[in-house]
Every structure is written in C-alpha cells, then in structure tokens.
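To keep things simple, chains are lettered A, B and C as they appear, and every chain counts its residues starting from 1.
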C-alpha cells in the first residue's frame, strides 16, 4: 500500500515537473554568486553587500555557499549546478585557486562572465586552464598597509625619528606579507627619519606577537610604532607594550577592524586598525558586473579601499566609508 | 511423513532481490518531488551533474559496503581517499611517473592503508571502529605532511581526462562509477569471496566452523575497501586536477549513510552493491535538489541527517515485519 | 584399527585444565553416546576433533591420519562432520547456501578463469538431500531464519550428510524438538549406522541415548570415567557416573 502511494506520488510529481520545465526563464537577470562559507562575519558582511548591490543595480542574485572551507568537491558540484541556469555572470570566491577551474572554463565556453571575488584565483593558472576572468575584486592589502603608514606619519609628523617594528602573519603568506610590505615601503618614504627594524613572522598569533614585541623592546627601547598584519597580533603587542610601561609611547596599528580591536581603539590603547570593507567589496562586485555586461570595462585587478579606524574617526563620525563597516 | 500441507500450494521460490524496493521508491519519490519543485531538475545536464557529483562518494561507498557486509566498519575511508590522491599526484608530478603508473600508485596506496587496517583488526583483535578511527587521523596527517598542507596542482592532461573527459557526452567519472559498481556487484553476488563476506557478518563462528578462512578474508575485505578508496582518490584528483591533502574530509560518513540507505544491514549479513548505488544517488539527488532550490547549506546538513535516521528506522520496521 | 582413536588428549585454557587425558575409540557404523554434566568437557573434546581447538597433549587419529594442527576445512574433507547445538547456520542465507557453505560448487564465468558459484547446481542437490531426509521445507531458496526450529535442524543435518561423511558428531540434536521430530532424528541415526557411518551423540536426554546408542561414554571433569556397551549398563548407573556418586570402575578403556 505504502509502495503504491510512493509510486503514485512520484509519477504525479514527475508529470508536473515535465510541464514546469518548459517555463525556466526569469524576467530579471539573475547573477550566480558562489561563496566559500557563510559561517563567519567577514563573509556575512560580503553577502549583505552583494544583496544591497543587486538591489541598487536592479538585478537578482542567487547566493550559495558550502558547509566548510574544506568542502572543495562540494563547491565544484554547486558551481556546475549553478551553470544550468545559464546566468549572465558567475561571481565566485573559490576555496582554493584551482578547484573551480573546470567549472569556470565551462562558464567561459558558455559566454558567462566570470568574476573573481576576493582575489582567490591565480590569473596565470586560470588563463592556462582556458578561463577568462573578467575582473578580480577585493580589498587592496598592500594599499591598506600604506594607509596605515599615512595615518602614522600624520600623527607623528613627517620628521619623526625612531625605530618601527613590523609583524607579519605566516612567513611568506600572501595577504600578511602584502600588508606588512605596504606599510614598510610607505612609512620610510613618508617619514625618512623612521626606520623599520624588521619584518618578523607572528603567525597570526597573539602570544607570539607579544614575545616579539618584548624582544625588540630590549634591543630598541626607543621604539615608536608597531604595525601588525592582523588585529589578534596587534592586541598581543599592545599588552606587551603596556606591560613594559611603554603603552603611551608606542603607537600600535592592526588590520581587520575586529570588534575587539574597535573596543581597544575606543579605549585609547590600540592606535588604529585598517578595516577591510567586505560589504563594499560585495556591492561593488555586483555593480561592476552589471557595468561590464552592459559593455563597460573594469580593471583586471579592481581594488576596493580599506578604512583606517581610529578614535578620532569614530568620534567625528564623518567618514563616508563608515557606512560600509559591518 | 504426511504430506497434507504440501498438496495445498507450493510456495514460489523466494529469490533475494538485487536491490531493496523501498530504496528505489525513495529515490523515485525524491526525483519526482524535486522535478516538481524545480524546473531545472529533469534536464539532461542536471542529471549528468547529479551522477558526476555522486561518483566519488559512490565508489567509496562500494568499499564501505564490503566491509559492513562482514559486520565491520571503516571510518578511515575519506582520509585514505585523501592520502591516495596525494600519493598518486606526487608520484606523477615529483617522481615523474607516466600516468598509467600513477594510476597504480593511487590504487596501491589505498590498498596498503586498507590492508594495514585489516591486519591490525585481525591480528591485534582490536575493534574496527577504534582501528579505523586511528587510521583516519594518521592517513590525513600523512597526506598533509607529504604536501606541506598545499594541493599539488597541475597533473598530466591524459590523467585529468579520467576526471574531466566526456566520452559520448557522459563524464568519465560516471562511467567509472557505474562500471566499478557492476564489477563489485558481480564479486559480491556471484563469487565465493562475496558470499563468505556476508556469511561472516551473518554468523562468524559458523563460517569458521565450516572452514572459511575468516581472518584472511577480513584482511582482504579491508584491503578491497582501501583499493576502492584509492579509486575514489584518483577520481577526485582527476576531477580537480590536483592532489589535495584535504580531499575527502567526512566522506566516510556519507559513504556509510549511502550504504545503509541502499539496504545493506549496518550490522552485517546482508549487503547489496546496487542498493548502495541507489543510496548514493539518493544523497546526491537530495544535495543537488537543495542546491537547485538554493536552500542554505546549513539546512542541507540537517536534512541529510534526518534522512539517514528515517532510512534506518524504515529498515528496522521492515525487518521486524519480516520476522515471524 | 578403529575409525577414530583419541589418546590421552589434554586441553587447557589458561590455568583451567578442561581435558585431562581423554581416551576413547569409535568404530565405523558405531553409535557412541558422550554424556556428562555441564563443564565436563564434551564440547571442548568435540572442538578438538573438528579442528577448532588445538591439542595441548595426546593424539587424535582418524582413519589412521593424525588430526593435529589441521584446519576445520581439512578435517571436514577427511569425512568428519558436526551438527552444532546452535546449528551454526547463517540465518540470512538460503537453505541451499547453508548446505553447501564452504564447499560451493563453482563454474567458470563465461569461459574465463574467474569462478562463480553454481547456483542451479546447489539448489538442485540441496533439494535432493532435503527430500532424501524426508524433511518438509517450503523451498531451498528460503532464508534459513524464516524456517521453524525443526526445519532449521533438518538443514543442519542435510549439510552434515551432503558430502558423504564417515563420522557425524551431533551435539544435543533432540533438545529443542517435539516428540515426532525426536523420533525422526533417532530413525535418521539408525539409518546412518546401517550405512556404516559412525555417530557420536552428545545428549542430556538419556532415554534417547538408551534408545539408539551402542555404547555410552561418561565424561566427568575432563576425564572418561565410564565406557560401557549400552546393554551392560543402566540409566541409574549412568546418572550416578555423571554426578560422581560412583567410583570410576573402568579407566578409559575402549572396546
């Protein structure tokens, strides 16, 4: 009896499905957006930005993600499924530089616009695999480091003198290195009296950054500033500096604009933090996609500005980029 | 001996069916409902996508079926997939082996891990749950060590065809998934090896008393599961054009779910390869359908867990009905 | 030379000595009962014969061949079969598969060297054997677990008789049967004797033992304390031996 029910239900559904398959077209264009995972604030903010950008641009988006940052095959499968809808554009944030290439190649062959979200693809490898990337869009980590240097020099003055410590993430890691070098290169140019005593790997770890700070203070007790490639390390450096009694003499800058960092800035301990604006990245990605589809162009590497968060910024509350902070 | 009841009716010979009808019914039901809910489901492209997305897990599940048939379990299948994938990729890229030799490395690496599982279970007399739980960590760790955590990208295009080719429009992994399934079905249902596997799961002491070499067979079964995990690792590497040390994380759970959904008894004694194929397709159709309907991946996980429990529950009801 | 010669067999499990020098013989076509209380060592003795356990001392010879260190499969092929108390059947497998378990006839698959089980032959021959035993089963394709207790035992017996054994050991074959089925089993045992097949019958049911056996061996605490032809002893004497109320009169001497 149960079996007959199953059979009847299935046949009825299949029949309706056949009828419905005819009407697969939609009226507003629907962009396909494939993200890594939605289980952290950075990506949540980006999704919000994407939806806002879609509304502004007058398009629809279909946003999908997979369950974790190791579900590579699942992301590839989802990508393949998304292509069935023949979207005008596919905006993706690949879990690693190579996993989506077979699907993106198929998209290229189907004349679907391929957009790389957050610089996850390697352009050379993609080209060799037959993938045409319309543009990559994300935060400019190098320029972000530079902005941190600008703010430091604006605070200390162009003729500031003294040693400066730079703590990057994992030795040789992409983003951490870009931020660190962005800061180091800019700071000596803007204030030649400042000297970078070293770019040391803090492994994104609070304790390690604290240890490095202590060691360098022994060598350079007149340290004037510390730049760290993320907030976790910066907060470690802050504790070490205050413990050594030098908290108010050293300006410390972090990166990411996390809630803890914002609190420390408002409390006057951490000097500043360079915040990425994933919300802005998301909305600009959708708007620029629409522009390119309409015949416009976009830079192959499109950079979205970062925002240096400081106590003054929060108290003045005037900066237009603040609206994109989520 | 009187024969009064013989005259009444001769009952028909009871043939064990190749697949449990309930599993097919569930698959049909899901397909039916999804084709109603999404206009994209019934297209040729989507059906091929479902089959393609199911291939890697499907082959892994065949291995799980053999082990579970003999009342064992293998939790290391996903990690072995990853290690075999890395070993094969490195052998071609760093050792310069031609791709047919590379294929053998995938299979041998998988079989070796499986054999080790089998030997420790048999000689050490340690429950397979514990042994394979250990191998799960060791294999994954080894894969990460060999590659320093980063995927080995860019394999021989001839090899990559095994994962990305479409002979006659059908993706190669699908052909391998179905072909390997046919071979496994043959082994399980027609050979003595297959029969002894389920008999060991049914009544191990009876098997021993009848002279079946239970220990040897057990090692062979785990080795076979490892070999099939090697095939899965090969398909994964070819699909993604990389030896990825994080390939296959948690895949063993899906493989075991597919096996149980298909009608193989989790506690041994009854197994069906075709059922596992259907079970894997049920999982694949479910994931594909939820993707098509853009259901959040968080809900997908909940739904898949619910389906598993329902499947086992239905199976238990069925078994109790069949008992006198 | 006797068909089966057991001499001074010893077996211990860790510190526990289960068999302390057991000696007995069985001739072709003889029905010997092996009785004793729980823990006397009857099962262990049978398992040393069928190769499940190794001997720690003594020898077992069957048809002149030593059984030491042989695998259960080898011992079956020499002609010793056992019907276990729990029947040792695979309940989810069908009758035919159980009867041929471990010794399935095979044919080549499409002419290749790959061998597959010859299903039609196992079913045909299983049916023949079941019919020969006079058992009533719906079909040899039914799973053993779907049959009644008596039917299941017929399957176990059919399995033991299919490959022309010379010695059949039966462990409590009548314990769970109805009266008519018990008589059926005793009749079967007599038929085996008529065919020259030896039988060792382990049983608690002394009425059955006295009904059909030629000789009664009593095992107590791992040693033979009585070994008499049935007509030379009585149920009271046997019971007394079992519980140890009588001094051992004969020391393990077989006829």
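The criterion applied here is as follows: contacts are C-beta pairs under 8 Å (C-beta built on N, C-alpha and C of every residue); 3 or more make two chains touch, one makes a residue touch a chain.
The model shown is predicted, which means the values in this text are computed figures rather than measured ones.
Distance from each chain's C-alpha mean to the overall C-alpha mean is smallest for B. The busiest chain interface, judged by C-beta pairs in contact, is A-B. Put simply, the C-alpha centre of chain A and that of chain B have 38 angstrom between them.
Rounded to a whole number, the gap between the C-alpha centres of chain A and chain C is 76 angstrom. If you average the CA atoms of chain B and of chain C, the two centres end up 41 Å from each other.
Touching of two or more other chains is recorded for no residue of chain C.
Of all the residues in chain B, the ones that touch chain C in their complex are 1, 3, 5-6, 11-16, 190-192, 195, 198-199, 202-203, 205-213, 269-270, 322-324. Those residues of chain B that touch chain A in the complex are listed here as 21-22, 25-26, 28-29, 31-36, 39-43, 45-46, 49, 52-53, 56, 151, 153-154, 164, 236, 239-242, 244, 246-247, 249, 287-288, 291-292, 294, 296-298, 300-301. By the touch criterion given at the top, residues 50, 52, 71-74, 76, 82, 84, 88-94, 97, 101-104, 106, 109, 114-117, 134, 136, 138-143, 145-146 of chain C touch chain B in their complex. Against chain B, the residues of chain A that register as touching in their complex are 3, 6-7, 9-14, 16-18, 20-24, 37-38, 62-68, 70-74, 76-78, 80-82, 84-85, 96-99, 101-102, 125, 129.
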